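Next, two complexes with chain A in common: one pairs it with chain B, the other with chain C.
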Partner chain A sequence: MSFLDTHGAILTIIVPLFAAFLMPLLGKLSQKAPRFLAAGALALSSALAIRLAIQVWDSGTIVYTLGSATGTIFRIQLIVDGMGIFMALIMAIVSLAVAIYSWSNIDRYTGQEKYYALLLLVTVGSYGMVLTGDMFNLFVFFEISSISLCGLVAFRSQRGESFEAAFKYMLYSTISGVMILFAIGIFYGQYGLLHMVGISNAMAVNGSTMLDKIALGLLATVFAMKAGSVPMHMTTPDAYGEAPAGITALFVAASQAGLYALFRTGFTIYSSGMNMTTLGWVLIVLGVLSMFIGVTMALVQSDIKRLMAYHAISQTGYMLLGVGVGMAVMADPVLMAQYGVDAMRGGIFHIINHAMYKGLLFLTAGAIIHRMGTSDLNEMHGLGRNMKWTAIMFILGALAIAGLPPTNGFSSKFIIYESVYQFNPILAVIAMLVSILTLASFVKVFYSAFLGPRPSKPVKEAPASMLLGMGIFSAVIVILSLFPGFIIEKIVDPAVSALVPGVELTPLSSGFFPSTIITGDGFWSVLVFIGAFVSIMIIASLIRSMGNKGFTKRKGMGQPYYFGNRVTASARVSGGNVYWGFLKAMERYYKPVKAEHTGDANDYVAWLLITMAVILAVVVFL
Partner chain B sequence: MRPMSKIVQAMACLLYPSIIVFGAYLIVHGHLTPGGGFQGGAVAASAIALMIVAYGSKKYNKTRLSALESTGLVMFISLGLLGLGVAFFHNFLANTGGIFGELVEYGTNLGNLNTAGTIPLMNIAVGLEVVGALGLMMVILAKGPEKGGRV
Partner chain C sequence: MIWQIPFLVTVVLLAIGLYMCLMKRNVIKIIMGISIMEAGVNLFLVALGYRDGGIAPIFTQASEGTMVMPTTQALTLTSIVIGLATTALMLAFAVMIHRRYGTLDVRKMRRLKG
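After this line comes the complex of A and B, so read on.
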């Protein structure tokens, strides 16, 4: 065993941690040094994470004991299995892209060494949450990630709104941190253990007690809050909207560490001692609520980053739905083989897809804000004429989030629809409806930001480092889109079998090409789609060539008319009014839902506590 | 904060070294008696609080306190990294006979400072970090908010 084989797991966490602690010293020496230290450290830890991933896929779970060559469950351990390394890979890609993107994005701000130190600490927190093997370290890393994110939300300190958002986020994360600690106290009091596998084994002996169920209710609520699930989502749009754009992309990945902790608690710790159907249904209900309320609230937003933040909530719903269905049928091997495994595959595959396309979308939004100086959709138009690369990458991200073929978002949603339909058709129909509304709201963003007359002041393309950061995400999206079957087999399946040990994984992709997915009822092949798309395009251009040859763009047709009058730039329908008909028709739904988003921290905490009470009651008494 | 009277300043100067010494005592004896890096660091930082009260907040330099904090943190992680021959945070100094490396005696005794390997060194690192961090917090609180944001 080489040095890196043995210590790879801890070095992944330690390298950014060490760089974060060096940062204040280095920031004194030079203004430019922090950005290079951050990018270098994150590149190194990303490389270590990828190396660790290959090692885990080749030789199975890695257990690393801190402080000693031999391990027992009483020591602090890192346990790296398929699910943990899946999340660490996401963090590896996102953190590196964000560090590069931030070079230009925060160039105009003071306190850069603090920014980069906190960025590194968020990465440390997320790596730690997904790689650790005991509950107390999960809590410690949860706090590291929450507190650093809180500081980063308040980074643009010339704005009062940033402090308000940071305060609300801090309230949520402090309350949830205390609840985790309480749950850990329950474990420690009963079993004298903090080790996840140890607690799970102890529960397997006697079954889970009433106290265990209370701990489960607390942990489930808190981690669902971290993931940004409705109705604990209230701070998410504020925090996402106010954080610098790069941090928002990191925020998405850090929230998914909460999702990971939720799945880990349910599957690894509790499934040995109790029936998980109830918690599965809790996840399904939270997921459906998140999907629907998230997307409908997104439709009415006119701030580009708040709109995307509501979509982040909505997309989290898909993951909760997919994995929740898997959890609900976990006890029944027949149903599990029929659709449970596929639902989990879809849900988990959606995690990496979401981190990539949502990260990309937030970065494009940041590029627009960087050049325009505003995040209000009503004040933007015609950016597509000068920001061509940003526009192209925005289209890629928007297609992926709306789940249009041939993108990666389609692959994972396809699997979720097909498997959830067999579980309960209504859930699948809601999921599809949400997907349509997602497309609608991104059409709105594209229309209002990129189309229309040129902006009044000249706008340049985004700076090179920002384009590079977006390019990393785009490249990963293209790879995920072209080889979904291969990715599911190599990356997602180990994660599923880490959560449900011993489950039978029938291959989802077929033999003839790795990019074809075959579920029970249908199949999805990127090659077939691209072939059909190209042939339709050829037919369309043939029809076009039969038309009037004398037509040129500059003659007359270029001017838009409306009711017989020339349309001027000012008469253009602004972003906020695109769907006024839909919003008017849905007024009775929107009135109470909008009224609940009061912006008052007290109400937000009340929602968190009410949800916690409901989930506790459901988990303990059902 | 504004400086206080000569009497307060003189008394603060008298108390300052004894507080620092007591803080250092708690830090270094962390592995033998109640106390340790955090507690001793907090005591030592109270000396900084006393000085801010007596002399006003202008005298303190945030850069040095911040550097002290970073040094403590880097030292702590470095001690962990030095154990990587076996595992991260491995106590490579314990029972080797070198610095802090003597064997612990059995039975009731007064305690030997020169034991426990890396633990006292880590206490010192944490102590430096806590003095820097708490001192920095107090200086910032005393000075009030500063202008941030765009260059």
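After this line comes the complex of A and C, so read on.
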């Protein structure tokens, strides 16, 4: 065993931690040095995480005991299993891309060393949350990531709104932190243990007590809040919208660490001592609410990043739905084999897909804001003429989030639809409807930002480092899109079997074609789709070539044609008005729902507490 | 009965803290509420580790008798440090909000909504 084999898990966390504390010193020496240290440290820790991942896939779960060669459950342990390494892998890709992207993105700001130090600390927090096997460590890393994220949300300190968003997010995360600690106290008071597996084993002996169920209610609410689930989502769009663009991409990955903690609590700790159907239904309800309210609220936004933030909430709903269905039927091996496993596969595959395409979309939004100086969709037009690469990558991200074939978003949503339909058809229909609305919303963004007349002041393509950051995400999306079967088998399946030990995993793809997914009734192959697409394009171009060859475009034929009064060519529907008909028709829905997002911190706390009370009541008494 | 009192105080402190976060309009008072909640949970942890008639858990030259549990005290120390960091950061936000908005009233701090 080499040094790296033994200590790989802790080194992944330690490297960015030390770099973070080195950063303020380095910032005194030079203005440029922090960015290289951040990128270097994150590249190193990403490489360590990937190495760790290969080790876990080859030889199973790694248990690393801190400060000792022999491990017992009374020591602090890092437990790296399929699920943990799946999340760490996401963090590895996102943190590196964001560090590179930030070079140009925050070039004009002072205090860069603080920015990079906090960025590294967020990475530390998220790695820690997903790799630890100890409840108290989970709490500490949760706080590290929350506090650093709040500092970063307030980074653009020339805006008052940044502080407002940071304060509200901090309010939520601090109350959550207190609740986690309270739940940990409940565990420790009963079992004298902080080790997740230890607590789980103790619960298996006597079944979970009333106190355990209270702790479960608190933990489930808090981690769902961190993931940004409706109705505790109120501060999420504020924080996502106000943070610098790179940080927002990191925010998505850090929020998913909360999702991970939720699944970990449900599956690893509690499933030994109680029936998980109730919690599964809680996740399903939260997921459906998140999907629907997230996407409908996104449709009315005119701030590009706030709009995308609501989509992040909506997409989180898919993961909650998929994994929730798996959790609800967990006790029944027949149903589990029929669709439960597939639902979990879809939900977990969606986590990595979401982190990649949502990260990419936030980075493209950041590039637009960087060049335009505004995030208001109504003031943007014609950016596609000069920002070609940004536009292309935006299209890739938009197709993926809307779940259009042949992207990775389609693969995971396809599995979720197929499996959830067998569980409850209505849920699957809602999920598809939400996908359609997502597409509509991104058509609006693409139309308002990239199409239309040239912008009044010349706009250049995004700087090279920002393009490189976006390029990393795009490359990963292309890989995930082309080989969904392979990715599910190699990366997602270990995660599923880490959450539900001993579950039977029937392969989704026939080994011959890594790009194919076969569920019970469904068949999806990227190669077939691309083949069909190319042949249709060839037929279309054949038809086109049969047309009149002497035809030439005359002057003015490309101009829009208006009836009635003379209008200038620059007259166009602005971004906020694209779907006015739909919004008008839905007025009775929008009026109360929009009015609930009051912006008042007291109301937000009230929503958190009401949700907590409801979940507690459901978990304890049902 | 007497050893139940710390737990009752914990509940009371948590309730006061939540009430302040829910009802108070002033940012500073909300931050105070959060500090009170943190104090409540710290008390809960320390009370969990207490053993009747226990002595300090120092092994060298320990006298006879039950020791109180050291783990919860370590947890509490960590939690106090985290609480300090959150309170300091939130107060810093309060200062900056007052500079930019000219008010600390959460009802007037509503530029981000909808």
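Assume the second predicted complex is superposed on the first by the 610 of 622 C-alpha atoms of A that agree within 3 Å, B and C clash if a C-alpha of one lies under 4 Å from a C-alpha of the other, contacts with A are read in each partner's own complex, and residues count from 1 in each chain.
By our rule, a contact is a pair of C-beta atoms (placed from the backbone, for glycine too) under 8 Å apart; a residue touches a chain by one contact, two chains touch by 3 or more.
Note that the structure is a prediction, hence the values are computed from the model and not measured.
Colleague: Would you check which partner chain A:Asp600 touches, where first means chain B only, second means chain C only, and both and neither mean what they say?
Modeller: second
Colleague: Quick check for you: in the superposed arrangement, does A:Asp238 touch first (chain B), second (chain C), both or neither?
Modeller: second
Colleague: After superposition on the shared chain, which partner residues are touched by A:His7: those of chain B (first), chain C (second), both, or neither?
Modeller: After superposing on A, A:His7 lies in contact with chain B but is clear of chain C.
Colleague: Quick one: classify A:Ser68 as touching chain B (first), chain C (second), both or neither.
Modeller: First partner only, chain B.
Colleague: Regarding the shared-chain residue A:Ile214, is it in contact with chain B (first), chain C (second), both, or neither?
Modeller: A:Ile214 contacts neither chain B nor chain C.
Colleague: Of the two partners chain B and chain C, which one touches more residues belonging to chain A?
Modeller: Of chain B and chain C, C contacts more residues of chain A.
Colleague: So in the superposed three-chain picture, is A:Arg156 touching just chain B, just chain C, both, or none of them (first/second/both/neither)?
Modeller: Touch status of A:Arg156: first partner only.
Colleague: Kindly classify A:Phe18 by the partners it touches after superposition: chain B alone (first), chain C alone (second), both, or neither?
Modeller: first
Colleague: Name the contact category of A:Thr110: first (chain B only), second (chain C only), both, or neither.
Modeller: first
Colleague: Report, in rising order, the residues of chain A that make contact with chain B in one complex and with chain C in the other.
Modeller: The overlap between the chain B and chain C interfaces on chain A comprises residues 157, 159.
Colleague: Which part of chain B faces chain A closely enough to touch in the complex?
Modeller: 63, 66-67, 69-71, 73-74, 77, 80-81, 83-84, 86-91, 148-151
Colleague: Write out the stretch or stretches of chain A touching chain C in their complex.
Modeller: Touch residues, chain A against chain C: 136, 140, 143, 147, 150-151, 154, 157, 159-161, 163-168, 170-171, 174-175, 177-178, 181-182, 184-185, 188-189, 192, 194, 237-238, 241-242, 300-301, 594, 597-602, 605-606, 609.
Colleague: Any idea which chain A residues touch chain B in the complex?
Modeller: Contacts found on chain A: 3, 7, 10, 14, 17-18, 21-25, 28, 64-69, 108-111, 156-159.
Colleague: What does chain C use to touch chain A in their complex?
Modeller: Touch list, chain C to chain A: 14, 17-18, 21-25, 27, 30, 34, 37-38, 40-41, 44-45, 48, 69, 71-72, 75, 78-79, 82, 85-86, 89-90, 93-94, 96-97, 100-101, 106-107, 109-114.
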